[in-house]
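One chain, subunit A, appears in both complexes that follow, with subunit B as partner in the first and subunit C in the second.
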Partner chain A sequence: MRAVRSVALSVFRESVRDRVPYSLVLFAVLLIASSFLLGQLTAGQDVKIIKDLGLAATAVFGLFIATFIGIGLVSKEVERRSIYALLSKPVSRPQFILGKYAGLVLTLAVNVSVMTLALYAVLAWMTFTESPEFRAAWDAPGMDPALLKAIALVFVELMVVTAVALFFSTFSTPLLSAALTFGLYVVGHFNADLRNFDRIVDSTAAVWLARGAYHLVPDLSAFDVKLQIVHGIPVSAGYMLATAAYGACYIAALLLLSVVIFSRRDFK
Partner chain B sequence: MSTRSWRLLALAGAVTVFAAGIGLQVARDRLYPREAPELEPLLYVRSGATLKRLALAFDALLSDVYWIRAIQHYGGDRLAGHQERKYRLLYPLLDLTTSLDPYFTIAYRFGAIFLSEAYPGGPGRPDQAVALLRKGIGAQPGKWQYYLDIGFVHYWHLQDYTAAAHWFQKAADQPGAPNWLRPLAASMLTVGGDRASARFLWQQLLQSDQEWLRRTAERRLLQIDALEAAARLTALAQRFPPPAGQPHTWEDLVRRGVLRGVPLDVTGAPFELDAGTGEARVSPRSALQPMPDVATRRLPS
Partner chain C sequence: MPAAIRIEQLTKDYAIGFWRKRPYRALDALSLEIETGEVFGFLGPNGAGKTTTLKLLMQLIFPTSGRAEILGRPAGDVPTRRRIGYLPENPHFYDYLTAEELLTYFADLFGYAGEDRRRRVSALLDRVGLGAERRLQLRKFSKGMVQRVGIAQALINDPEVVFLDEPMSGLDPLGRRDVRSLILELRDQGRTIFFSSHILADAEALCSRVGVVAGGRLVAAGRLTEMLAFQVRGWELVVADLAPHVLEAVSRRARRVTPIAHGRYALELAAEEVPEEAIRNLGAAGARLVSLNPIRDTLEDFFVRRVAEADAGARTVARPEVSSARR
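Let's look at the complex of A and B:
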């Protein structure tokens, strides 16, 4: 466990050195600037748009961090040949993979937490500066605690994307890993269509193939509850738990596969 | 030269060159003004279903972008010269907005107001307003406000009081609907298009939680006040007709002490008086125009 923690902390420190926290400043500036501008452009929908923008920006910034750092987690060590020094220490290969993953998840957790605080700060400012009549027109309260549900699922989705990027990183080049991770992210959001393939195709084989792909590819569209949350439509605790548990299973499967592939690699 | 001095010199050089570039840019724009090309507004993707797929997890944010575009398109055309008011993309933009975010209440409700507004204040398309609101009902069948708004379009813009009563009744049947909807549906069937019903309806919308709806209701109530004032002035002018062979004029009524001055509407525009019939009307130059009794004028084809 200590080895995993050491590797994780070194990944976190490296991400800070790589100026990842700059994304937080950009996020805060984006939100604050938008909150000033949107009032001029929209018909009293500024709070909805700030929520949409905050949640989307959290997901996009997180996606870029997860992908671009995730794809280099293993391959960079191999390219720099620092893997030899690492593996000569008392760190097993599974510990190395788990540590790398935990480090990036820690980086994402810090980023998502700070972005959440910034979003709530802007929403608080908007809530306190608007009149009660104006606030009454909002679908959901400005500082709606339910926003945390959407953010939680965004975070689980980012954990899945990180696991995907790490998985590709164990056997592929960074460029190919990035392409594959983004590709899987896009396909993951179309995934729900594969489930209903039987509605447009008669062939049983094609339907089964589509069904197989539906289960194989990460079902990322399930993690997207932003629309419902912003409009104050309830998302049940059962749905949250089932989706988070699905994400955990998918991450576990990918990490295990990553460990297997990485264990078989020969660095002699 | 030391490294520090060299860096400072380079920095100063960069600032100088950049400032010179800005100066040149300003001078060029002044000497050779460029005409901004008139670009026809364009929609690259018209299918809401396709756009929703392309948006991945960012459909809510994209719906905001299309909503802002719809408002800018409506406002831009409304403020443009008379010849340019086409509102060509208004319905497609609202359709895309609501396809991306089916729960975007204000896009349905205010979009319907934009669409049904008489030309030149809007495209004068109550049919598209009804289609948009029906789409909203498809997404949220229990939302009584959408039924009320459809009834309203039938009442105000189409003057179809039977259809209006039908939709008010449907609104009243939805859970959580206010209790004034049922008597409203009944009165619609019996008295139809009287101003008292119109006033009642707009007063209800004045209680709306949407600021823009409240502002529209305020304007409509002012228009109704102006219509009632015009009707009173017509009665007055006809009760005190000018001497035989003379035209109806405000000056004549003022001179005879019937009025204290030329009557003005709330925007400060004088009412017009038909010289032949003595009928008083809201001035075409009044900020209250277009008046509801000239509603549903469509775009020239």
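Let's look at the complex of A and C:
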């Protein structure tokens, strides 16, 4: 456990000092803040726009951080040969993988928290500056705590994406890992279409292939409850738990595969 | 006393080629035993298989066949890593960490904490001459400074066995002298040191035993004194006041005559010559003996001969299944 914690803290320290995630978070915060100005242009819809943009910015910039740091977690260590000294210490290869993953999840947690705080700060400003009559017309309260549900599922989704990026980085180059991760992210959001492929295509082989991909590719659209939350539609605790459990299973499977591949790898 | 390192028939093949992969033998049935407390020099030209051997011992790569043990446990055993240190060849660490943070990170992996960890890190950075740069990020370090950090991290846990892959690489003369004295210090503390190098002077100065590897094969191993046998290959006499006619007579008998400073000559005589007789004759002719030295094999002579023999052997022995091209 100590080894996993040490590796995780080192990943966190290095990513905090790297300027890329900083600038991404800063950009996301600026975007959330500017949504306030955008909201002013659309009478009556302003708070929805802020919530929409805020949640989307959290998801998209989180995706960039998860992918760009995730793909380099292992491959950068191997390319730069820093892994040689590390693996001569009392750290097993599975501990190394788990530590790297935990470190990036910790980085993401901090970044998502900063973006969430920025979103709530803008919403607080909106709530306190608008008249009570105007606020009464909103679908959901300005500082709706239910937003945290959407953010929690965005975070679980980012954890899945991180596991995907880490998995690819155990055996391929950073560029290929990035392409595969983004590809999987896009396909994952259109997963439901793969299940219903038989409605569009006649070929049995193509349908079976699509069905296979449907079972293999994570259903990332399940983590997207942003629209419901923004429109004040309730998302049940049961759904939250089931989706989080689905994400956890997928992450566990990906980490297991990463460990199996990484444990057999030669570092030439 | 049990062997600190035992290597039996260790072999490593890589698959090379993009389309039709074919095996490529980087290490061929290496067997070695290194006793506790020894300083063992693992010598060989570039691409001979030295780094491959060290990576196999650290289980950074897996053997095709054969086995290796460190301190009685299979290579790669995680608990055994608490008792060993490793400096990789041309090490690289994390750009955004300082030297102090890197060593603290590695010390943490060994379970050191608090004041003990701080003291250990501080003492090691001072020992490798980086006390003043401890808070500088590693990306600002020169190659030699990174090498010093690499040596420090290899010693963070007071290892019983230290593996150093080309420890003098990238160091200036002062740095090399420091590392030599560090290795001797570790030897005096009873630690086992296995270091690879292609710099023979280092091996001659430090090692009790050496192994010479070429083309992935061990071509010689043993104590320096036994390997070089200290056989006399000839005699070198330095003489002064040599009259021209005596010089002419000596030139016919000596293998080589080299004029040196202050009218002196260095005469190289064959091993079969009796130096006492030559000294007597030269003295009778009015010459003055300045010095007499036997000419012996150096490690470099031995190394060059063995590597050349190994190369010639590799050319004549066909190995159809696995090529032993050098790495």
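The working rule: the second predicted complex is superposed on the first by the 240 of 268 C-alpha atoms of A that agree within 3 Å, B and C clash if a C-alpha of one lies under 4 Å from a C-alpha of the other, contacts with A are read in each partner's own complex, and residues count from 1 in each chain.
Definition applied: a residue touches a chain if its C-beta (ideal position, glycine included) is under 8 Å from a C-beta of that chain, and two chains touch if they have at least 3 such contacts.
Computed from a predicted model, the values in this text were never measured in an experiment.
Asks: When the two structures are superposed on subunit A, do subunit B and subunit C clash or fit side by side?
Replies: Verdict on subunit A: subunit B and subunit C fit.
Asks: Does the superposition put A:S10 against subunit B (first), subunit C (second), both, or neither?
Replies: second
Asks: In the overlay, answer first, second, both or neither for which of subunit B and subunit C A:A210 touches.
Replies: The answer is neither, since A:A210 touches no partner chain.
Asks: So, does A:V230 touch the first partner subunit B, the second partner subunit C, both, or neither?
Replies: first
Asks: For A:I97, is the partner it touches subunit B (first), subunit C (second), both, or none of the two (neither)?
Replies: In the superposed model, A:I97 contacts neither subunit B nor subunit C.
Asks: One more residue to check, A:A66. First (subunit B), second (subunit C), both or neither?
Replies: The answer is neither, since A:A66 touches no partner chain.
Asks: Hey, is it subunit B or subunit C that touches more of subunit A?
Replies: Touched residues of subunit A are more numerous for B.
Asks: Please work out whether A:L53 is in contact with subunit B alone, subunit C alone, both, or neither, and reply first, second, both or neither.
Replies: Only subunit B is touched by A:L53; subunit C is not.
Asks: With both complexes superposed on chain A, which partner does A:R81 reach: first (subunit B), second (subunit C), both or neither?
Replies: second
Asks: Draw lines from the C-alpha centre of subunit A to the C-alpha centres of subunit B and subunit C: what angle do they form, to the nearest 10°?
Replies: Given the fit on chain A C-alpha atoms, the answer is 150 degrees.
Asks: Between subunit B (first) and subunit C (second), which does A:E133 come into contact with in this model arrangement: first, second, both, or neither?
Replies: So A:E133 only meets subunit B here.
Asks: Would you give the minimum C-alpha distance from subunit B to subunit C, in Å, for the three-chain superposition?
Replies: 18
Asks: Going by the contact definition given at the top, which residues of subunit A touch subunit B in one complex and subunit C in the other?
Replies: none
Asks: Residues of subunit A touching subunit B in their complex?
Replies: Going through subunit A, the ones touching subunit B are 41-45, 48-49, 52-53, 55-56, 59-60, 133-134, 136-137, 139, 157, 185-186, 189-190, 193, 220-221, 223-224, 226-228, 230-231, 233.
Asks: In their shared complex, at which residues does subunit A touch subunit C?
Replies: Against subunit C, subunit A makes touches at 2-3, 6, 9-10, 13-14, 17-18, 80-92, 264, 266-268.
Asks: Given the complex with subunit A, which residues does subunit B contribute to the contact?
Replies: 53, 56-61, 63-64, 67-68, 71-72, 101, 103-106, 110, 209-212
Asks: Show which residues of subunit C lie in contact with subunit A when the two form their complex.
Replies: Those residues of subunit C that touch subunit A are 14, 55, 58-62, 78-79, 81-82, 84-88, 90-97, 101, 105-106, 108-111, 150, 153-154, 163.
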